[in-house]
Every structure is written in C-alpha cells, then in structure tokens.
Amino acid sequence: MTDDAWTQEQIRAHIDAGLPLVPLFNIDVLEAAAHTASVRLGPGPHVTRPGGSVAGPVQFALADVAIYALILAEKHDAMAVTVDLNINFLRPAMTLPLIATATPLRMGRRLFTAEVRIVEASTSKLVSHATGTYALSGAA
Amino acid sequence: MTDDAWTQEQIRAHIDAGLPLVPLFNIDVLEAAAHTASVRLGPGPHVTRPGGSVAGPVQFALADVAIYALILAEKHDAMAVTVDLNINFLRPAMTLPLIATATPLRMGRRLFTAEVRIVEASTSKLVSHATGTYALSGAA
Amino acid sequence: MTDDAWTQEQIRAHIDAGLPLVPLFNIDVLEAAAHTASVRLGPGPHVTRPGGSVAGPVQFALADVAIYALILAEKHDAMAVTVDLNINFLRPAMTLPLIATATPLRMGRRLFTAEVRIVEASTSKLVSHATGTYALSGAA
Amino acid sequence: MTDDAWTQEQIRAHIDAGLPLVPLFNIDVLEAAAHTASVRLGPGPHVTRPGGSVAGPVQFALADVAIYALILAEKHDAMAVTVDLNINFLRPAMTLPLIATATPLRMGRRLFTAEVRIVEASTSKLVSHATGTYALSGAA
C-alpha cells in the first residue's frame, strides 16, 4: 500500500502479469477508479460449459479480479488477499461478453468489502451477484 | 436424475468431458460415493499466483467440482446447477496437491447443500472451507 | 402463493401476527411493493449491545423481515422459507432508527434471492449488507 | 485481549451481562474451551414461529454467541466483532433444546473464523450450519 495513485494502465499491467487466469480466461480491466471498477470476460476456449453457459469458477474469477482492481485503485495495495467471497448464480450466463462491476461496501484500514454485479453486456441481464472481503496488507 | 447409481468411472468420465476446467486445472476425482466425494488438484501451469500460492478461483473450481461429484454419486443428477457458494480462504495454499472433500449438509428433493474442506495433502493443513447450495433438476 | 395481490396493510398484519420478533424488536414494515420493500428498526430494550450498537442478530432479523415482506408483495407466498442468508457487518450501527431496504436479485418459480442494505436513517450510512435466498412454497 | 485464560464461569457471566439477547432467548453457554464451544437454546416465548419451528434470527443469535464464546476461550478478546456470517437453514428446527457447537477454522492474529453446527438435542438432526468471521481487537 502506497499513497501514490496507480494509473489504470499500471493496474492493467499489474493484473495481467500477476494473475495468470486473467489472460487465460480473456478478462480485460475496463475501468479501475475511485468507487468503481469493471472488468469484461470475452470469448475463449475455457469459459463455457456444455450447453454454452459460462462456468461458475470463471464468474468467480471475474468477481475476484473486479474487486482486486477496485482495491488497487482505492488502496494501492497489491498484497491484499481474499478473506471470503459469497456468490449467487442467478440465471445462466449465455452470451459473452460479461461485464462485472465492483463497488465498495467497506473501505477500512484492515478490511475491504465490495459487491459485484455480473451482467450480460448484450442484454444487461444480471447473471450473478457476489460480495467479497479482502484483508489489506497495511505493509508497504 | 435417475434411480440408477453411477459408478465412479462414469462420474469421472462425465466430469472430464463436461467441465473443461477440470483437465485445464489438472483436477482428478479421487472418490465419489454416498456421503463423501474428494477431488485432487495437481500441479499445472494455471493454478498458482506469483509467490506460489494457489489462486482463489482455482480453489473455488475445486470446491465446485467436489460438490458436483457428490451430487452425481448421491442424486445421479447431471443437470444440477450451483445456486450459491460461499468460500473462506483461511491460509495460503503453498504446496500441491490439494485435496477437497465434500460432505452433504442437506440432500433434499429440490436443493442439495454440501460443505467442502480443502487441505494441503502434504501437511493436512486446512486452507479453505466452502459451503454451496445446488438446485436439483428433478427432471430426468 | 396466490395470484391475488396483498395490500400493504395485509402484509403488515400478516408479519406482525406471524413473526413474534417483529413487535419484540420494534420493527415496522414501511413499504412492501413490487421490486422494493423497506422496514424500520425503532428503539427498544432488546436491540442494543453495551456501548450502544445494534446487535448482529437484530440486524439479521431486520434483513430477514425485509426480504419476507418483499416476497409477500411479489409472490404472495406466506410459506416461503429462508434457505441461506449471508450478512456483512460493515460498521457499528450507533443511531436508531435503522432502515433496511430489500431489492430482488432473482424471482424464480422455486427460488427467490434478494439483497438488503441497512442504513442509519439519520446519517444514511450503510451499516450492513445481506443477500438471502428463500424457497418458495409453490403450494397454494 | 489478555494473556490470562478466562474460566468458563467468567465467560458465562460476561456473555449474560453483555448480550441482552442471551437471557431473552434463553441461551446457555454449555462449554467454552480450547477448540470448541457449545451453547444451548431452551424453550421461551420468543424463539418459535407459528407452526413451532425456531425462527431464523434466533438460530443466527445462537451461532453468533457460540462463536463469541469460542473467541473468549481461545483469544480472551471481549471486543471482537462479527465481520460476516453465512448461515444455511437445512431443515425446520422443531424440538427444543437446540445445541450449537462452534469449532475454529482460522485463529489468526487479526481474523478469527469458525463454523457452527446447530442440532436438535433430542434427534441429533442437523438443522443449520454457519460460518462466521470476526475481527479481533488486538487492542488490550
């Protein structure tokens, strides 16, 4: 954690280099700013289940990356770790891309909690909702 | 859902063919029987974060597959879908393989709930705990 | 579950008579309509902990009642039961009344999922956030 | 948080005095020791819903108190606060007393996570399962 703001370019580069699932699943950071971050899941060979819906673990990854991008923008804390994450799968996600948008619920000194809404970009339908809590490193 | 029991071989084959993340992440179904199912995460190029710990979404996938294998063994319901899953990351998972063991909490007609413990095989340390609820298809 | 809409008065009367914790904790249904329901926690002898903050189980009750009022308004299903509820306590709730507002995330045939935001009325500060899933009776 | 162990008598007295819902709901601390704590819900005017099942918020209170008793026994930290709690209601709780047993999942310096199983004493049937995370005060 530093007091210097990260640019969106720095956040994107940090996430692409640090989280191998991001390029593997074709996830892009669209925005990472104060109070909101959004990421997009594009088409790829690993994301769908038979029948064509997006697999749960891929949606989990999308929510996790969205919150991590938000923490980088708000707290500049690359060492933050996920404490717990609760995800509700509301309806099958049938069309890509998906957009996951994270907004903060708690921005504490030690704990950061956010909610994430995942929608189909083409229909705006809500496909899943997550809330996650992260431990800030407080270290750097 | 049928009344015919699936053998472990049928469950393994169904999961390998139906869930692309299972071979991608090097997940193996060790056991899928009445009242318990366990799956193993072996080494692979996609599972670790920098520093060497196993990424959260990979642990989520492991928990999800363990519960799905349990549902196949208990309910023979290949069309069951995840309603929600809550996962607590308790400490960094630093050595592979990981073993995830699912046990049932509710085996209803419509809803199936299970808990999952994920441990490092070499140390037996608990690295994460999940509870998940699935909607049974009741269809076939 | 019936096709006849309940009036807000009927919903209030049903909740007051059926849930003993509602009068005990001094909870009032403010609104129960399509797509939103809100309930208020007033002062009372049972709701605070030493130091003055509102106890967690009281906030849980508030969230549970808000979602139940929403289900009565949307689905007219008095026999709906809570499947699971996840609540994040974000900061101490120090001033009463609290207002809990529930909005639907999934309105299925069998499952109903909603999120709830609990704020202090005087400060508008968010003190907790919950998501809950309910099984609809599909019976009546 | 102090380094002096609390006796079970001290834990009981602290909980009875500090949590008004404990006497209101007729909750007793049965045991609070290293690695396990159990509490009992006895009969009372406020705990049941029409039809006779134990209300969800009362079960939530039971789980919350069980974990708090465990934290007092393990960490001697009276200022610990609930960060989040996820509870699955598995089947109706129809006979009292209920017994809630908490066991630790994480006993960190800052965060304490436990799981709770709530059973009917007379039938040993599991009626609900919870996992909760608490922030330790680290203060005293």
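In order of appearance the chains are A, B, C and D, and numbering begins at 1 in each one.
Here, contacts are C-beta pairs under 8 Å (C-beta built on N, C-alpha and C of every residue); 3 or more make two chains touch, one makes a residue touch a chain.
Predicted model only: the values in this text are computed from it and were never measured.
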{"item": "Comparison of B-D and B-C (more C-beta pairs in contact)", "value": "B-D"}
{"item": "Relative to subunit C, chain with the most remote C-alpha centre", "value": "B"}
{"item": "Euclidean distance of C-alpha centroids - subunit B vs subunit D, Å", "value": "29"}
{"item": "Centroid distance [mean C-alpha coordinates] between subunit D and subunit C, Å", "value": "22"}
{"item": "Mean-CA-position distance for subunit C and subunit B (Å)", "value": "33"}
{"item": "Touching two or more other chains - residues of subunit B", "value": "83-84, 86, 88, 113, 133"}
{"item": "Residues of subunit C touching subunit A in the complex", "value": "86, 88, 90-91, 105-106, 113, 115, 126, 129, 131, 133"}
{"item": "Subunit D to subunit C touching residues, read off their complex", "value": "17-21, 24, 45-46, 48-50, 55-58, 60-61, 64, 81-89, 92"}
{"item": "Residues of subunit C that touch subunit B when the two form their complex", "value": "83-84, 86, 110-111, 113, 133, 135"}
